[in-house]
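Shared chain: chain A. Partners: chain B in the first complex, chain C in the second.
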Partner chain A sequence: MITFNYLDLLHLVMPEVIVVIAALCVLSVDLIFLRGAGTRLRISVGAMLSLAGCAAAIVWILRAAQFASVLDGMLVVNPLAQRMQIAVLVLTILTILIFIGSTFTEHISEYLALILLATVSMMFLVTTQNLLVIFLSLELLSLSLYILTAFNKSSARSAEAALKYFLFGGISAAFLLFGFSLLYGLSNSTNLSSVAGSIQRPFLDPLLIVAIVMTMVGLGFKVAAVPFHFWAPDVYQGAPAPSAALIASASKVASFFILYQVMVIGLADAEGSSAWRGYVSGWVPLAAIVASVSMVLGNLVAILQTSVRRLLAYSAVAHAGYMLLGILSHTGQSLSALLYYSITYALTVLGAFGVVALVEGETGGDRLSDFAGLSRRAPLPSLCMLIFLLSLAGIPPLAGFFGKFYLFTTVMTSTPGTLGLLWLVILAVAMSAVSLYYYLKVLKFIYVTDPPTGAAPIRVSILKQVVLGLIALSVVLLGCAPNLLLRWL
Partner chain B sequence: MRAPWQLADPNDPGNLTMLAWTIYISFLAVPVLLLLPKTSSRAARVFALLAAAAGFAVTLWGFAQQQSGALVTVARIPWVPSLGFEYHLAADGVSMTLLLLTGIVAISGVLFSWNIEHRTREFFAFYLALIGGVYGVFLSFDLLLLFVFYEIAIIPKYFLIAIWGSTRREYAAMKLALYSFVGSAMVLVGLIAAYVVAGTRTMDLVQLSQFPFPAHFQMWAFPLVFLGFGILAGLWPFHTWAPTGHVAAPTAASMLLAGVVMKLGAYGCLRVAMTLFPRGLDAWGFHVLGFGSWRDVFAVLALIGIVYGAMVALVQRDFKFVIGYSSVSHMGFVLLGLMTLQQVGLDGAVLQMFSHGVLAGLLFAVVGRMVYDRTHTRDLSELERMDLSKALPFAAVTFVLAGMASVGLPGFSGFVAELQVLIGTWRAFPSFAIVAGLGIVIGIAYTWRAMQKAFFGAPSHSASAPTAPLPPISLAERIGAVILLCASVIIGLYPQLLLRVIGPALHSPLFDGLWKGSGR
Partner chain C sequence: MTWIVRNLWLIPAFPALAAGLSALAKQRNRRMAASLAIGSMGLSFLLSLVAFVHVVRSGGHGETAKEVFNFPWFQYGGEWLKLGWMLDPLTAVMLVMVSFVGLLIFIYSTGYMSHDENFTRFFCFLSLFAAAMLGVVIANSLLLLFMCWELVGLTSYLLIGFWFHKPEAAAAAKKAFITTRIGDLAFLVGMVWLYSQTGSLLFYDQGSGCLEHSALAGLVAQTTCIGMAASTGIALLIFAGAVGKSGQVPLHVWLPDAMEGPTPVSALIHAATMVAAGVFLVARVYPLMAAHDGISLSSTSTTALQVVTWIGAITAVFAALIAVAQDDIKRILAYSTISQLGYMMIGLGVGGVAVGMFHLITHAFFKALLFLGAGSVIHGCHEEQDIRCMGGLKRFMPITFATYAVGMLALCGFPLFFSGFWSKDAILHAAQLWTISRVPFYLATFGALLTAFYMTRQMYYVFFGESRLARKRDSSHIADFGHHEHGITASVHESPAVMTMPLAILAMFAVLLGVIGTPAWPWFDSFLNGESATLHAAGFLEGGVLPVMILSSIVVFAGLGLGWWFYGSSPITSAESADALERLQPQVFRILRNKFYVDEIYDATFIRFNAWLSHVSDWFDRWVWNGAVWTVSHIVLGLSWLARSTDTYVVNPGFDEGCNAVTVGGRLLGRLQNGRTQNYLRLVGVAFAVLVAFLIWSGVR
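And then the complex of A and B:
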């Protein structure tokens, strides 16, 4: 029997506990004290409480770096995991800030509480190396996100998106569970490192191949990689903007982190190789195929989109492809490259959704024509959108460029002595050249096209301007001085 | 940190840290411009002029300081230490020449945009962002930094053309942006590959140029990077963005595009492709269709560009397209000069970059600002009936001088530059020199034709004469034209001014690999 102190455990999961308490506080304060109050007040109080909870959790984490691995890898706390928690919390804070001022729902406390619960699940997700807890956290995350997607009850799109998300999500969870159960069956363990230890064979077990494919399907769904991306465009388009922002940012970061853990730690020695003329079967070639298809399809289909949210969805598919490159190169440096990329990407896309929400509030839609002449109507948000979209396209000196550069360099260095993965890098660079076209198309509407006649300047609240400005500034700063973030990863 | 050969230099060129301010001034001016009051376009103009003038003053000062042409460090601090990237600015004779060119074209570009009234602040903000990127490219000696500045220059071009342009502006702007981006994507692959293959965790140009890359690697990396930069230099058959882009762009943007941005491409070919991968120029050891090396291939493409650009310019009806295609032709000389691998040819190529930058800027200013903004047509057959030499004598004189200078009249910069390229070509590929000479002859023909049609066409009958008198040439335009013409004449009369710094720069250790292999 393993014996351990529950007080120690509580100490280790204190940040999560703080966030849960914040969620409960938000719910109870809103339901007990603010029943008759106006929406504005309820949003302000709820948001303040949630922000305070997240901030308190961050402060708690920053207080001391901890090392612990308890209960067979169910809870693995180390500085890297703690930084991932901070990243998730910061992204949540920004999401909540974008939510302030929204009018799509009356159920403010429930919405905020669900966001916080999703955050808790992501925090657990990044501090575990156990198949069981990974699955449980993913389920908690998915369930919160399904509801967050459906939250705009007046919009049929929102309901449709949530249903699609739920159906695809349910099936993919089944795949994931199947894959995990096979891994457990093969290794008699749910701890990732012991799984890796017991699946070592001179050649791949057919069952292991099935397990790899199933796991890839389940996690590929979370990160919206082709061919498991079908939910993404609908959810990005139908969900309320803050929900879509959370799905596109924090949830992506956490999912990629866990995908890396499962593949690189759990399936070590079953990597194989996808080098040009050096194919060895394993999970790397599978990831390489998924990555290249995602990059190609995501970028090409994004060209055809006329809705900015759908465009962001397909660009997310393409970016998932780039990030998979970071996973399949699996060297010490690739995790740092992957995390830099995913965190800066999350920031950027969060900001982009902030601007989209703003435009939707004013023009009632997210079609390209709704953005016409935005630079004349709202100069600062337009400038921010310029920075976000160019960063997504990978234009220096923005964070997106350095992320791509670092990632591609890492991929190339992962096969020392040969340029085996050059083909993937060439594909990725070529595809990011394609992507400039559709990002510029959006910017053309914002900066070049004249605003519709009689369109008045858009009034943007000071808070929104500050939030968007800060995100844009951080995208520029992280691009000019990547070391600010790199030394933490 | 100073490299040993700099200490050995007898006339130590001193401290050039000021040069970095060309970049900072241009970029800092952007937010300031955007914060200026919306109503006053005059304030934006004056401020932009001040910023451009300050940049020009710094380059002049730097040029006066930099007498040896050797590589001088301007700034060097770690940027991303874990990956070995540095913020490394430096200047040698080649960069100095092009910095000076940028300063000249930037200031005259502002003078020729004095009549921009539509979204003035934004216009100059994009304009100065572009200038800042260009200064950055010419000063960067860390490859990643160079690439960063190179890409920064792409986006402002798009907006300058798409917002303030004319004929098919959105199409032309997108075409230009995508061509540039595809080119830079090729460069990026080459740079990452070089970084990884060298494995020394550095992007420093000087260190990487000393690294012996395997010959087979250079054989594919060289054409990749050269072509990537070559697209922006107007290398045939990837030049098609250039005429459409030049024609659609507003005057100042055409001046920058032809004057400076195309030089970015040529500079990249010389500074990156030929410095890092000189073995890529060696013979393949077999022949395909008569080509025995990448050098042959690119020399032939450059030659085709010279003749093709000139012939197409000869049959254009749009005045601006004439100048647009002539740019392709003149840039062909730069690329041909690079491929000669002769001292005199390379000297000529760099000099031609300067010369063409100044003259193309001037020609576009005459066509776009002096003529088009007044007559609202660029159709040569319509201009023919307007008798512009009477209506706009200053424009006519300027165009005649600029045209003569660009076809190589002795006394102007075009002559010394193209002559040196031709001499180099004669030594390297004798038969090519004859064809290139043919290009010059066609150049005289199209310049003559454009000049005659646009300015000296006899008015057919008085009825079609312009009813209202055209506004006179403004002071700003006169100053701008005089600056550009003076630059061309000074270099034409005393080319040593530039050659003195270009020559030693081409013999710095950076180019060791290039010369060692060229005992051809």
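And then the complex of A and C:
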């Protein structure tokens, strides 16, 4: 029996504890003291408390770098994981800032508390290398996100999306749990590194293949890769904007991180190869198939969308395809390329949802025609949207360009001496060219099309302008000086 | 490392910030844009002075005089791409020159552009230009230099085409952009080649930079296809970039046309700074140009430097010849600029960095002076640019006349008192000592004669004799201009103080700068070479300096005398009367006036070929590629039609069937989503099965 000091454990999970306490504070302050207060005040107080909690957690993490791996990999704290926690917390902060000023719900403290709980689960997710804790954190995350999706009670869309999300998530969780249990059965361990140690075989055994594919189904659901993406368009469209933003940003970053951990650490000797004329069965070809289908389908279907949120959803599917390339190349640089890509992508998409929320607040919809002439009605948000969409399309000098460049370079150099993965890179580049079309379509509505007659300028609060401007600025800055972020990864 | 070296980036950052802010400003914020631009330039100038003083005081020797600051930009694969900036005497001198001349021209522009409605945009572009140019100067990485170089080209394009509503201005802007692009392409290829050979684009990086000994030794040792050292090939490609930017033959055609831009732009960009960037580039990569293995070469001159010298010499005479027969006040100066840039190239080729750079610095001052003077003349004469229609302006514009005369004498190289004399003399002296050939020396001397001649011609046309301004107007535009002679002559006026002050300051420098580069006290030379200068009067008598000085003085006097004989002895009376030279040699004059028909030759060859090629491409695009795209798009349309029909007639009825049989909860769901979620989930199951089957099948195979 391992003897263990629980005080040390508490010390290691202190950031998570801080965020949980913040969530409880938000709930109790709102329910005890502010029952009769106005919505604006309640949002301000709740948001301030939540932001303070997140900020305190970040400060705590920054205080000291720690190395620890306890309880059979259930809690693995190292500088990289800590930085991922910071990334998640920063994205949460931005999500909360976007939430301020929303009017879709009366249950403010519950909403904020759920966001914080989702954050806690993501923080656990990035600091574990144990199958059991991975599953638990994913479930906690998913359950919070289901509720967040359903939160707009006045909208049938919101409820429908949440139900779909829930059903889909339930099935995926079942797949994931089944896959994990098979891995456990094969290796007699739930620690990723021991799993990798015990599944070494000369050739893949069918049971292991089933386990790999099941894991891929479960995690593919989280990252919205084809063919496990069906929930994404409905959820992106139906969920309240801050919820959709959280699902698209922080949850994506954490999920990709854990997908990388599971595949690269846990299935280290079952990778196979998807190189041209060098095919070997394993999880890499599986990821290659999923990635290429995602890129093709995501980009092509996005062209047809007339709702900006659905467009962003399909673009998210396409981006998941690009990011899977980073996982399947799994060289020394891959992780930093993947994380740079996912973090900058998350920032960008968060900003885009901020603008979408703004337009919805004014016009009541997110159809392309609702964006007509936005540049005349709200110049600054339009400029930010321009930066976000061009970054998503990968136009230099924005962060999206450098992310793609770095990612594709690592894929190219992952098979030294041969051009084995060139076909994937060519596909990815061709598909990014396609993507420019639909991003520009949105921009055309914003900048070229005339606003509807009699449309007044949109009043945008200073806070929202500052938040959007900051996100846009960081997208430009990270693109011009990628080293600002890269040296942390 | 001192504060100034670490923060050298601030010098270009200030104008860049000003450009960004005025880009956001509204059109009517004229004062703000002007004061931002001038203020930022003033700050840059002060910082440049600090940097200059720092370099002078540190008084480093040779290589140690270079202080660099490098930083990693980003990593790709296993390699870090680094950028950086450097401070050495070359940088320091250029910084002070660019920011000082820039500052004066900014101030001048507030007067010159005061009536223009796009005043704000003008200062935005000017500031952006200044930022990019200062970036070129401080770059310690060929890549950073190239980026700023392109930015400079972009702003040049924007400013030449500033009055884009004039078709000539728009065409000139395009011409400038495209012509310099040809040189830049070679520059880019050279840069990529250099990177693939040395693995670094930093100039100096503690022994591993591409201009340092180990890299150069490797480049020299490598021979390429036609027995040329890699260093020579790269140097020539980079020089091609300089040829484009500095308007050397055969890429000089854009610079005269660039005079369509506002005059301050011509002064700043197309006389003092940007066109000199090519010369600066050659000076910056001089170690590469001069790299040789020390065995196979008998003399010190490498192939690359010989090419530089010959191109420079040909350009110097070629452009001076054309200048003799031009009538537009600014075009004469433009050809003169091309010719002087040729001198700088000769100086670099035969005498090294210091000789070429000294002429660059002195030329920047007196040519900016001449252009601003020309601007003042144009401004005073109500946008008249044809010298045949001017005349007699001495009376109306005394300050402009006096300063212009100083600039003209400096450009001609009037002995002893003007900076141009000393810098040109240094070039002639070095050319005379060149062991490869004496021809560049003769060409340069002939060019000096021409320079004195065409400047005298211009002076007589513009400032002496009687005013012909009204007569031309009246004879050609009687209908448009109702007023008679008195009206126009009386309205010719001296420019405001904001324009004449910069002229006076520049004139002062056009005289004084000569002091720092005389043979007796070659401070500039020693400074660039990292030595300390000593005053010794005997410098005049050593190494054949005196004969060259005497020769060049005689040549200048001969040119001035010829000019007087042709144009001064019998006053020019009418704008229509033929040029004195034209009466003497009509054929030659016509060829010169038409600029040796270079534009026409290019039209008949490259441009016609290009037009033909674009016709062919257009045909291919229309019929071949478009056809292919059309076919593919119709196939896709057909497929999507098929998919939709399947969906409508096959899949949907299936779900309807299924929906009828489910339980209450299912019916609720069915109402919500038409049963599609089940379908999704089924698809996940199918995907799972297919993927497993595929992996197992391919694993067993």
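Just so we're on the same page, the second predicted complex is superposed on the first by the 489 of 489 C-alpha atoms of A that agree within 3 Å, B and C clash if a C-alpha of one lies under 4 Å from a C-alpha of the other, contacts with A are read in each partner's own complex, and residues count from 1 in each chain.
What we mean here is this: a residue touches a chain if its C-beta (ideal position, glycine included) is under 8 Å from a C-beta of that chain, and two chains touch if they have at least 3 such contacts.
This structure is a prediction, so every number in the text was calculated from the model and none was measured.
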Simultaneous placement of chain C and chain B on chain A, clash or fit: clash
Which of chain B and chain C A:163 touches, first, second, both or neither: second
First (chain B), second (chain C), both or neither touched by A:408: first
Touching partner for A:444 - first (chain B), second (chain C), both, neither: first
Contacts of A:482 with chain B and chain C, given as first, second, both or neither: both
Partner chain in contact with A:396 - chain B first, chain C second, else both or neither: first
Contacts of A:209 with chain B and chain C, given as first, second, both or neither: second
Colliding region between chain C and chain B, picked from 291-299, 327-335 or 381-389 after the shared-chain fit: 327-335
Touching both chain B and chain C, residues of chain A: 402, 405-406, 409, 413, 481-483, 486
Footprint of chain A on chain C - complex, ascending: 72-77, 669, 672-673, 677, 680-681, 683-684, 687-688, 691-692, 694-696, 698-699
Complex contact set, residues of chain A against chain B: 375, 379, 383, 390, 395-397, 401-402, 405-406, 408-409, 412-413, 416, 419, 422, 425-426, 429-430, 432-433, 436-437, 440, 444, 447-448, 481-483, 486-487
Chain C partner contacts - residues on chain A that touch it in the complex: 160, 163-164, 167-168, 171-172, 175, 203-204, 206, 209-210, 212-214, 216-217, 227-228, 230-231, 279, 281-282, 285-286, 289, 333, 402, 405-406, 409-410, 413, 481-483, 486
Chain A contact footprint on chain B (complex, rising order): 34, 79-83, 122, 144, 147-149, 151-152, 154-155, 158-159, 162-163, 170, 174, 177-178, 181-182, 185, 188-189, 192-193, 195-197, 199
